[in-house]
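Same chain, two partners: subunit A is paired with subunit B first, then with subunit C.
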Partner chain A sequence: MTALLNVRNLGVVYPDGGRRLRALDGIELALEAGEALGIVGESGSGKSTLARAILKLIAPTTGAIEWLGRDIAAFTAADLTRLRRDLTVVFQDPVASLDPRLSVADSIAEPLIVHAPALTAPQRSRRIDAMLEQVGLGSGYGARYPHELSGGQCQRVAIARAMITGPKLVVCDEPFSALDVSVQAQIVNLFAELRRETGTALLVISHNLALVRHLCSRVMVLYLGRVMEIAPAEDAFGAPLHPYTRLLLDAVPRLGHPPLALEAGESASPFEPPSGCVFRTRCRHAIGRCAVERPPLAAAGSTRAVACLRAGEGVARAARAG
Partner chain B sequence: MRRRWHWFERDLAARAGLVALASIALLALAGPLASPWRVDELDWARIGVAPGLEAAHWFGTDRLGRDLFVRTLAGVRVSLAIGLLATLVSLLIGVAWGAIAGYAGGRLEGAMMRVVDVFYSLPYVFFVILLTVTLGRSPATLFISIGAVGWLTMARVVCAQTESLRHKEFIEAAVAAGLPVRRILVRHVLPNLAGPVLVYATLTVPGVILIESFLSFLGLGVQEPAASLGNLMAQGTAEMESAPWMLLAPCAFLVAIVLALGFVGDGLRDHLDPRER
Partner chain C sequence: MSAEAPLLAVLGVGVSFPGARPPVRALADVELRLLAGRSLGLVGESGAGKSQLALAIPGLSAPGAVVEGSIRFCGEELINASPARLRALRGRHIGFIAQDPQAALAPHLKVGTQLTETLRSHHALDARAARAAALQMLERVQVPAPAARLGQYPHELSGGLRQRVSIAIALIASPSLLIADEPTTALDVTVEAGIRALFLKLRQELKLALVLVSHDLAVVGGLCDEILVLYAGRVVESGPAAAVLKDPRHHYTAALAAASATLEAPLGLPLATIAGSQPAPGVELAGCAFAPRCPAAAARCHAERPPLASVAAGGARVACHFPRASA
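Let's turn to the complex of A and B:
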């Protein structure tokens, strides 16, 4: 069976003056139809670049992205139109992702006008009203403008716009981070509900581990443009194999625990990534070999893979003392 | 729609400006009908008379005995027409040029905006003299020379604005939804440019009128016996000591028009710039 989405050895390099920023390096990823995959990592880990490459908003420097087994770089205009119908996006800033001059109904209608041009105006507005109900807004919201809505309501409109064409995969680029905590929960539940109802696959980019864990069955951990670990959500968060996953988990502040030690540090520069393992400069378990050898993404059991030379020693298992 | 215009009812200066503009335009169109004189008609009996009710020379006459009321209003018509038309042309060229350059980005934007830079760097008066010499003096030449320069600033404004729009998420969302470029430009980019463009246009009209006056004053613009505010003022300046009314009438109208447009432009800017939405 062909996966819905296959990312093969994807690399993206941004030229920045004389320097080259290696945003993604050797990303491998397969996504089945109906699956929900979370992508986590700090700022600068390449999460958003991955989303944009999959959406064909930027061109990969190396490697390929395959949709239903075919390289999207070789798509014809008609293929691309179909891809735009089947693969949609929800962005981070809900207010900025809606045209301030269009009413809610007009914003949601935009994809329909391109992808279902045969619909008459009344048919279209019936579908839009139904979609508005489905995302938890009444059909009365169609006549409103984005500046009249709250952030959470805007995000519901953006989700309605992404779902209206009946996509096979929705890429969500940090869909929660601009929202209040209580609203985040509502939006997560909305995504889960829509996924149950429509069977669409989700690719959720976030740095909120709890929300990803709630929504996604599998998680990919990115650091400096490389895959550190990919595993079922329960395993990745319950028993991480990579020290970086452990660090992300420990970085979540919890009541009753002291704040994280400075040892966690900051992300290394993507302009000059460390030799060998890119994470070694922040890793407590780094040994001499880590500076020389680039750890391959090796299978660890049947469902997970990890890129750490010492993964077998269980270095990431124990929660940090204190 | 009512909500959109609500600000206008509160902005006294903008409202006064618009009312003044409308009255001036109405007067310029209808006023000459009330006068028995024509623009190029000579009144041999009354040469250089001061304003008064005698023989319906309400604004007086000039050194050739032509009625200044009719001539000044003819000048207002010419100036307003050139101001509005040249602004419209600069709006069309400037917005199209700037929006395409800004949206395309990269090399195309570089090439298109360098063309603008080259035009910018031409000494303007020298350029107009060259055009006048090669094309001959006519309102068309005046129009071309003003239009050739007027769109440059508009193109820059629109280009910069479009570039910042291009990186907005709603434009990316439109691209990701598979909308064709033309639809993105027409439906998403242009409406969001409307604020700054409209404001800049209302500020361009008085600028163009001043340029026309300045060129006519130098003898490069509208030529006798046709009247424009510029050449009326040029004649008025020559007779300033003996017949001050010849200078005062066109000056008063020019000042009124420019001020009124300025008020309307300011009102629009105040309303549209802070993005009340």
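Let's turn to the complex of A and C:
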């Protein structure tokens, strides 16, 4: 079976003045129809670059991205129009992603007018009303304008806009970060339900590990442009194999626990990634070898892979005390 | 202790936008008290009015907003205070970190200039002393290489450092109250964890009172002494954060806690949600605003608005005709 999406040895280098920033390095990924993949990692890890490359907003420096078995670099204008219908996106900033001059209903109507021009106006407004209900707003919101809505309300409109064409894959770049808890839960359930019913696959970039764990079947952990770990979400978060995954988990606020002062500091500079293992400057388990050998992404059982020289010793298992 | 005069006392505060179509009442009858050095978490659904409350306190409500009631800071009434008086209070006595992290920093000014100008607009200091204070504040908010940062522009900093710098600007004139509206939204989990640990440290070191807006109950539980739960512009529950989160008595607070995803919850089931949605802005229900979504709603709930009343000796108060039984 052809995967929906294949990312092959993807590398993206951004020129930045005299310097070169390697935002992604040797990414391999196959996404099946209907799958939900979470991508986690700090800023500078390359999550949004990966999303942009998949959306064909930037061109790969090396490697290729294939949609239904064909390299998107070779797509014709007609292919691209279909791609924009089948592959949609929900951005991080809900307010900025909406045109302030358009009513909510007109915003959601835009992609329908392009991709389903045969619909009559009444058919279109029925579809829009149903979609507004589905994203938890109610059809009464159709006549409102973005400035009259709170941040969370705007994000629901953006999601309605992304779902209205019946896409095969929705790329969501931090879709939850502006939403309150009960809406997050509704949207997670909504995405899960749409995925079951329509086979819409999801690629979810989020810093909310708990939501990624609930929504996604697999998770990819990126740091400084490289894959640290890829595994079923439950395994990655329940029994991480990479110390970086462990760091991300320790940072999650937990009810009844005061905030932990993590010692690992902020991400190393993507302009000067450390030699060997890029995580070694923040890793509590680093040894001499970590500075010279680049850990390969090695299989760990049949469903997981991890890039750590000491993964076999179980170094990532113990949670931080506190 | 209860006789201690509060640093901040909010009584019967309402914020409305009569010019909006339809007219919107964003907040009604809000009441809160915060003692010096204590922290209060404002939680609630999107549109509940958290930002409107956070903005109203230091007099930053949007043009067109009508603010009523009483907001007393150190005993001084802020409602209808002159714009000049409010400007003087802001920064000097009340630090504010906006929900939009870009808003705090002027893109064309160096970090050092922004810190020293803020400080010197409130305190008579020469340039050298202001620079020393700026350096010290950057150290306090744990910005690495603070001396070099003074000469940098905001865009040269990572998101986490920018947030630390905006915290430094909010605190440079030594306010006694810091209001932070979702200060860690859109930051990395690790950076967010660092900022939370920083807030804890700053509160201890500076005896700072904190009003923290967050939609994460675990964040409020970890950082705040008190909690105020807003729904559709009204307070539905308030009290000691630990007690309220452990044993919520209002049905909305309980539903919110149940809907919070955790890393431990069993998988394969849908997340608990709250059916329906908050009333649209501009819609005023006669009874309890949560009634259309409440599993315990009865006829009385739709007809009569429940007042905020004490349910526990510890100070927890709920606005509910039929509060949940204490666990």
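Following the convention adopted for this analysis, the second predicted complex is superposed on the first by the 304 of 322 C-alpha atoms of A that agree within 3 Å, B and C clash if a C-alpha of one lies under 4 Å from a C-alpha of the other, contacts with A are read in each partner's own complex, and residues count from 1 in each chain.
Keep in mind that, in the parts below, contacts are C-beta pairs under 8 Å (C-beta built on N, C-alpha and C of every residue); 3 or more make two chains touch, one makes a residue touch a chain.
The model shown is predicted, which means the values in this text are computed figures rather than measured ones.
After overlaying the two complexes on the shared chain, residue contacts for A:His214 are found with subunit C alone; subunit B is out of touch. When the two structures are aligned on the shared chain, A:Gly136 is found in touch with subunit C, with no touch to subunit B.
Once the two complexes are laid over each other on the shared chain, residue contacts for A:Ala300 go to neither subunit B nor subunit C. Legend: residue contacts after superposition of the two complexes on their common chain; A:Pro111 is shown touching subunit B, with no touch to subunit C.
Counting the residues of subunit A touched by each of subunit B and subunit C gives the higher count for C.
By the touch criterion defined above, A:Leu80 reaches subunit B but does not reach subunit C.
In the superposition on chain A, A:Cys283 contacts neither subunit B nor subunit C. Of the two partner chains, subunit B is the only one that A:Phe91 touches; subunit C does not reach it.
Using the contact criterion defined above for the overlaid structures, shared-chain residue A:Ala192 touches subunit C, although it does not reach subunit B. Residues 92 of subunit A are contacted both by subunit B in one complex and by subunit C in the other. Those residues of subunit C that touch subunit A in the shared complex are 20, 24, 44-48, 51, 99, 144, 158-161, 185-194, 196-197, 199-201, 215-219, 221-223, 242, 245-246, 255-256, 259-263, 265, 267, 270-274, 276-277, 280-281.
Against subunit B, in their complex, subunit A makes its touches with residues 55, 57, 80-81, 83-85, 88-89, 91-93, 96-102, 110-111, 114-115, 145-147, 158, 161. Of all the residues in subunit B, the ones that touch subunit A in their complex are 168-170, 172-180, 183, 187-188, 191-192, 277. Only residues 42-44, 92, 136-138, 140-141, 144, 148-153, 174, 177-186, 188-189, 192-193, 207-211, 213-214, 234, 237, 247-262, 264-267 of subunit A touch subunit C when the two sit together in their complex.
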